[in-house]
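Submitted below is the structure of interest, expressed as structure tokens.
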Amino acid sequence: MIEYALNFGFICVAVALLMNLWRLAKGPTIADRVLAVDTMAINAIALLVLYGISRATSMYFEGALLFAMFGFVSTVAYCKFVLRGDIIE
Amino acid sequence: MEFLVASSIGLLTMCGTYMLLRGRTFPVVIGLAMLSYAVNVFLFAMGRLTIDMPPILRDGVTEYTDPLPQALVLTAIVISFGMTALIVVLSIRAYLEIGNDHVDGRPEGAPSEAGDKN
Amino acid sequence: MSLTLIVLLPFLGAVLPAVMIRAGRNACATATGSVTLLALILLIAKAPAVIGGEVFQVRYDWLTDLGLNVTFFLDGLGLLFATLILGIGLLIIIYARFYLSKDDPMGRFYVFLLLFQGAMVGIVLSDNILLLLIFWELTSLSSFLLIGYWKHLPEGRQGARMALTVTGAGGLAMIAGMLILGNIVGSYDLTVILQNADLIQASPLYVPALVLILLGCFTKSAQFPFHFWLPHAMAAPTPVSAYLHSATMVKAGIFLMARMWPVLSGTEEWFYIVASAGLVTMVLGAWIAIFKHDLKGLLAYSTVSHLGLVTMLFGFGTPMAAVAGVFHIINHATFKAALFMTAGIIDHETGTRDIRRLGGLLNLMPIAGTIGIISAASMAGIIPLNGFLSKEMMLEEAWHTVWFDQNWLVPLLATIGAVFSVAYSLRFIFHVWFGKTRDELPHHPHDPPFGMWAPPAFLTILVVLIGLFPAAIAGPLVAATANAVTGGNLPEYYLALWHGLTSALGMSVIALIAGALILLRHGGLMSVTSNLSRPDAKAMFDCLIVKVVALSRVISDNLQNGSLQRYLAIMIFAAIAIGLSGFYAEPDHTAGTRELLAVSPPAAIGWVLLVGTCIAAVAMHHNRLLTLLLVGVIGLIVSLGFIYLSAPDLALTQISVEVVTVILMLLALNILPKETPKESQPGRKFRDWVISIAAGLGMGGAVWAIMTRELPNSISAFHLANSKTEGGGTNVVNVILVDFRGFDTFGEIIVLGIAALSIFALIETVTQGEAAKRLASWVVDNRRSADRHPMMMVIATRVMLPLSLLVGVYIFLRGHNEPGGGFIAGLVVSVALVMQYMASGFGWTQNRMKANYHGMIGLGVIAAAITGLSAWVAGLPFLTSGFVHVHLPIVGEFELASAMGFDLGVFLTVVGAVTLALAKLSQVERMAEHVDINPEPMDHDPSAATAKVATAEKEA
Amino acid sequence: MMLKRCLPHPLLSLALLVVWVLLVNEISAGAVVFGAILAIAIPLISSNFWPARPKVGNAYAICEYGLIVLWDILVANVVVAGLILFRKTESLESKSVVVPLDLTSPEAITTLAGTITMTPGTVTIDLSADAKSLLVHCLHAPDPQGVVDDIKTRYEGRLKEIFE
Amino acid sequence: MGHWIVVPILLPAVMAALIVLAVRHDIVLQRIFSITATVALVAVTLSLVIFANNNNPEMYALGDWPAPFGIVIVLDRLSAMMIFLTSILGLGVILFASSEWDKRGQHFHALFQFQLMGVNGAFLTGDVFNLFVFFEVLLIASYGLMLHGAGAERLKAGMQYIVINLTGSSLFLVGVGMIYAVTGTLNMADLAVQVPLVAAGDAALLRAGALILLLVFCVKAALVPVHFWLPGTYANAPAPVAALFAIMTKVGAYSILRVYSLGFGENAGDMAWLAQPYILPAAIVTLAIGMIGVLAAKRLNGLIAFSVIGSMGTLLISIALFTPESISAGLYYLLHSTFAGAALFLIGDLVASRRGQYGDHLNTAPVFHQSGLLAVLFFIAAIAMAGMPPLSGFIGKLLILDAARDSAFGVWIWAVILVTSLMGIVGFGRAGSVLFWKSASAEGVIEVEGANWPVLPIIAACGMLGALVVLTVFAAPITDYLQGTAAQLFDTTDYIRAVLGEIPATQPGQ
Amino acid sequence: MPFIAEIVISVLIVIGGIFLLVGSFGMIKLRELLPRLHAPTKATTVGVGAILIASMLFFWIERGHFTIHELLITLFLFLTAPITANLIAKAYLLRHVDPHKDLPESGRDEGWATFDPVGPDGYDPSEEYKPDEK
């Protein structure tokens, strides 16, 4: 049963990712695009955790953790760029 | 699966090459980045594809994917990161010095300086 | 030994004039003269033995495998030429002391002269044709310096270059010829080659060798059609002309023909090439000489003509003709050197060499006049001077020569040559020394100092003495020389003034009369010939060089047009082409048999995402920020792919690198234009797409072919098997990185370190020049938020710093056994630090940074190196690792591996490099944005305001 | 004094210890000892970046606040999911509201702003320059003042208790 | 030889790190460190050459892992000679730079030492992927050095240089990857064992991979049509760096020689002498293009740069013939052209820096200081580069012509070498005449600040010329060594035995 | 493994999946950035949260070892998501929102931080706002 649930989960995440891509390409504002990428990172984390369950391994946990951390940093960097141009000032 | 990977590598190579052939530094850097994705995955794929056999030794597990290409790709990623950093800074530096970001340091259509250069 | 010394002396002595010039011009000349004199004495000491038939030889091994050795030999031919070179050289040295003016750098002149002399002696004494080639080219080089000695004169420079080009080209052809010759014989030793005439002439390579060697001879000796450079070399100072262009350099070609005569002559090819070239040169040179107004020009073409004469004689291929040739070499050297020196005297005294402006000089300078007239008479072939003797012999030989089945042709042409020769010689005598004295000369001429007229006078005495007593004075030398030239087949002959009424005498008389007639009608002929358009060799040569250079520029500039896009396109095309050519060179293209993996839904979705992102990235690449975002997404998908395909380490590394790259690119993008202009022409786009698609298909095809095949037995089986037991880690990738292939990683961190140092260096210079100006006048190109350090971000990143450090430590420690390691840990920590910079600003963060990034890079490399070197203590190779399992109370058992020390080096280098690069790069931003560094972490700290109020209240 | 020098931020150290245990994913003596070492060392290393020691109130208040927020998140998630899925976008009454603040500590303000964002339906989009009011965007707020009151009573009061 | 084999790599690496760590603010200390280290490097590499001359190849297994599983570095006659050459050249360059150049930017000495490390590593390594790593080390150090001191022209040229080489690095990975994918090994000696055993169905992939790798080496070696990076890079690099780069092209040539004689040489079955049909024609064209460039040059640095291309053409012609004679001839020419190119760049810089605003433009300018001395140096270097006697260039060309005699391309090779020699003579003659003679017809004297007697640079330039003299005078012992080297390259058994122990039987091992 | 646990885990996964989907769907459906900003919070909180709890339960019950590190990801997300949303919103405000017309007054002397720096060089109301499409 978990397997079915996982497949459902995979499909949800996959469709979500495609929707994110759509938003990323469509925009219209740069803020929309950054939001789309940020959400992609969130979805990717979910994907990794789901994959970890399906493979019954915690090997991918660090991946998820780093996705969380670095997804945040790059989103912040993009926003800071839009806001101030200079991201380290 | 193999087809997906092969076509992805091909696509990345194609897009990277196209960007690499543009006339401005920024797309060239982007092109190089895309090319290095392609090449890294290419090198990785030299160990063939496997699913869920990471080369982390576990008791009772005997089948692992080929770890060597992974190690090579890691080295390649780090090196290309260093290279990218340098070329990014160079493109700023050149832009500031020359006043445009054309890869040849002159806007398209401007007369060739090849003669003077040599 | 002394033979070697004869060659070496001029080279070694070449240092002397450069040093002695400080002691004055006389000392300089004396030193130079002594060198030559010493060499001459050494030579003459051997003369009796050589004339007696002895051959001296000396050999030092140099490059035996190639057959290039330092071997010299002295036979009659060598003796004759060496004597001429050193003897006339000595006279020239004396003459030049008085000829050169105070402004001329005399030391340099003598240095060049001695170098040249050494090279010439080297040619004539070499017993190895490769060694001979070396000296041969050295004469080209040193004569280049001598001809261009007066470097302020454009004629001098051009003449020098022309001489170098023509003789250099000939020399190169000769290299080929000599190599062929040496290969036919199996030795490059002349003495060996000279004994293998049959072998050489029977070889199919004889003709190419002959032609190539003759090209060298003809160019050097100014034979038609390479005669044109010689007159232009006359821009050199007269001592140079007298030396190089009468006695020595131009005789080098003649020498070589004489030297090779025993093995190369006697064939049809030799006869038709050499004799014809000589004949044509003789007649043509003499004809042109008649109409030269420049004294040295006249003498130059006369030289061309006489060289043609000798060449023709050697070309006849008969021993008797060879004897005549040898004899004429001696005679020509004496009278022509004397004539050149006389011309120099005239130029020196009158300030002009234009025959039209000269006349009646005999009265003003009787000594020089006597010398000049006698020498010129010898040149004309007038009895009883030495020129007459050898010309008679030449005419005699010509009389017997059948050319293209015509027995009258050569005698006729030889006579015509003699006629012209008489004409210009008489012109030299009558138009210069006799006739009306001119008043409008730049200087008032009188006889020069003794030192200047003595050398030509000495030669003129020889001219007369040889003429009168040929057998006594020149006989032994001629015999010895001719014996060497003919390879011992010396015919019966005797040198004498009178041979009776021979056909040759008749031709001589005709020549004298006709020559005089021509001189009488000179004015008329002059106007006729000046209306004829003669091909101007110099103009043609210059035009050729200009055209060649222009063509080179067209080729070079069109290939090397400065366009990176073209270079890359060519390179990528080449890669595709060479890859495909290799692939299709093999016959077997069977498809692989490896079982393929099934496509899972997440994988398919990932693929769709990747395709979509790639297309979007290219389609929208004009918007740079968007491109960057899209490329970031590609990185994300690739990382996910790595995880899916069993490569967690790769995924972690990829995602960490990704974010640092993004930060870096954003820093860059703030300075760079935000848009890429649409400037590619459709044709260019089409080309690029074709190349790109080919590249994509190639890569995709290759990887498909590989992935569908089985993996061969790989060395990685060893890694899997030994990772835990020998390497002490279960993460095989990490063990490979820090242990099995730690040396790669050592190099890799150095790459990172260098990148950071280079970035630092590159930005350090931004404060100078154009870049600083641009930064100073930078205009912020879009709207800026007022909020420099948003409070929420400051607080959140402050919390994240210790957390990230903890994660960094975690990733570092587990790397040996689980995904992670020093590199990823380093990036995590760097990013945590960079986040502080981003949130709280550069000023605040930098003030709180204790670490020195430069130092960290150095320390990291050294830490890795020391870890590796510690194995030396145990006598093991660099980077040999060790590990122990430690058991501590409470903590339990854990492993300590030396590889961790190495990984620590990696970690330090990464942190140092990343933070150094990013922090330094941000310096450019601050210069551009013109904002001050904000030392506060937040723009406005609400608690600080409250605190202030509270303190104020308390104080109140 | 010694303790203060070695443990400049005890709460942070505790948090780090917990995080370490979470990271190594096992509760063992070894993990705790090593975690404790790091929990002391890291704040010392990074103490430069923690200029002031934020005041943090009692554990009970923190727990209570956490549970309330969690519950709100759960409830609001369902509500907002409903809005997204079943409401026509035109009929959503999106607007920005201003929440004046009594909090003064930056940590407290940040926590409040974060809470507002994490509970679906509201997003903190800006602060006033003097950090005395929050600009909050509501996805669907027929009663803006109700939202402001909710925030002030449910969250701000408790945060004031914790941080000040 | 034990640990000494790895010293040429470690010594500069550690020295560079120390310079960065300890003395980066003190230029004098940096010079002392840097020069001392380079002198020590010369001593070490010299003793390695002596060792290699008397012994079979020796392996050093890093990390004590048996080959082919770990990385090995191998000292044989070729690698010993190349590192010795590098250190001698390095000494000249660092002396030259230590008078003034090293102050024009940051980190010159550290980058320089790293550069030596990279080059030495590339010469010593016996592992294909490790070769990639050292390529990257030497490349990135060269980027830093090339951009040293910045300036618009240099930045433009640097951009092209770096982009092309980054593309090249990508191709390197593709090539190495394909070779690994088919043979399962990265060790060069093991490769030599595995290549003949590759299944017929995999041969096409192996060949394609090996050829792509060849192209990468050709980029480094500046072979037509992938030579375009060189003129701009060399002409615009700081002079001592350009001089140091004389060894960079040789790294490409070395790699071709090493990989395609060991892995794809005589014993490679179907793959034997894989590289030859590609590089021989390319090398001939390269020589022609280089010398056309020499004729076309309007600036001295461009002229020198194109002459370097020409010399690479000559060198690769002889390598591409792949006979023992041609390879020893080529190696002799390699030694020669390295020093000749370096000498020319150093002397060219001394000239240009004294010509003030005229710089290295080949146009008439007034007399400059020390033009007499510089004319002599230039003349000597130019005749060496043009291959005129009596210096090593001539001997090198003779050796190559002699070795090319029996080639199917012999006539072409002879013709092109001889004709291009003439072009070289004309080109250098024109340049020298303009720089040193024509100046006499212009008014005045150029005064440039600080153009006094630069002792170290002159010593360095004379040292490079001195090396040419040594090559000439001691041609016999040197060619003896080189013949031994070529023989070693042809009989690969010693090398393979040194790395793998006993040569494995025909079964694919491990 | 108890059936009930299996059901719980499956339900959690399904819930997580649905909320992830809703989050991204909202981003597609909603018309402007500010409303869109609300959607991903579902993914971050309940979406990822439910899946993480499922993972913890799965490893605990199914594999028998107690894993807690999933909490760390939740912690991280809770810490970072508000910052991200705040910055994205600010970026949007700066480029596309007129602080005078479209935003309520801050009720303080100073305006909103994105537009109004603290101190004397504050925002000049006379300066007309121009939307910037870059």
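When the chains are written out, they are named A, B, C, D, E and F in that same order, and each has its own residue count from 1.
In the analysis below, contacts are C-beta pairs under 8 Å (C-beta built on N, C-alpha and C of every residue); 3 or more make two chains touch, one makes a residue touch a chain.
None of the values given here were measured: they were computed from a predicted structure.
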item	value
Where subunit B and subunit F overlap in contact partners, by chain label	A, C
Innermost chain by mean C-alpha position	E
Maximum centroid distance from subunit D, chain identifier (CA atoms)	C
Between subunit E and subunit A, distance of the C-alpha-averaged centres to the nearest whole Å	48
Cα-centroid distance, subunit D relative to subunit F, in whole angstrom	13
Inter-centroid spacing, subunit E versus subunit C (mean Cα positions, whole Å)	15
Centre-of-Cα separation between subunit D and subunit A, whole angstrom	22
In subunit A, residues with contacts to at least two other chains	11, 13, 15, 17, 30, 34, 58-59, 61, 65, 69, 76, 78, 80, 83
Junction residues of subunit E - those touching two or more other chains	129, 133, 136, 140, 143-144, 147, 150-152, 159-160, 163, 167, 174, 178, 180-181, 186, 231-232, 293, 296-297, 306
Per-residue overlap in subunit B, given as positions that touch at least 2 other chains	20, 25, 28, 38, 40, 42, 46-47, 52, 54, 56, 68, 72, 75, 79, 82-83, 86, 90-91, 93, 97-98, 103-104, 115, 117-118
Residue ranges of subunit F in contact with subunit C within the complex	76, 79-80, 82-83, 86-87, 90, 94-95, 113-118, 123, 132, 134
Subunit F-facing residues of subunit C, complex	674, 782-783, 785-787, 790-793, 796, 799-800, 803, 939-940
Residues of subunit D touching subunit C in the complex	12, 16, 19-20, 23-24, 28-30, 33-34, 38, 42-43, 45-46, 48-52, 103-107, 109-110, 113-114, 124, 127, 129-132
Touch list for subunit B against partner subunit E, complex	20, 25, 28, 32, 35-36, 38-40, 42-43, 46-47, 68-69, 72, 75-76, 79-80, 82-83, 86-87, 90-91, 93-94, 97-98, 103-105, 115-118
Footprint of subunit A on subunit C - complex, ascending	601-602, 605, 608-609, 612-613, 616, 620, 625-626, 629-630, 632-633, 636, 639-640, 643-644, 648, 651-652, 655-656, 658-659, 662-663, 666-667, 669-670, 780, 782, 784-785, 787-788, 790, 793, 800, 804, 807, 811, 818-820, 824, 828, 831, 834-835, 837-839, 841-842, 918-919, 922, 925-926, 928-929, 931, 933-934
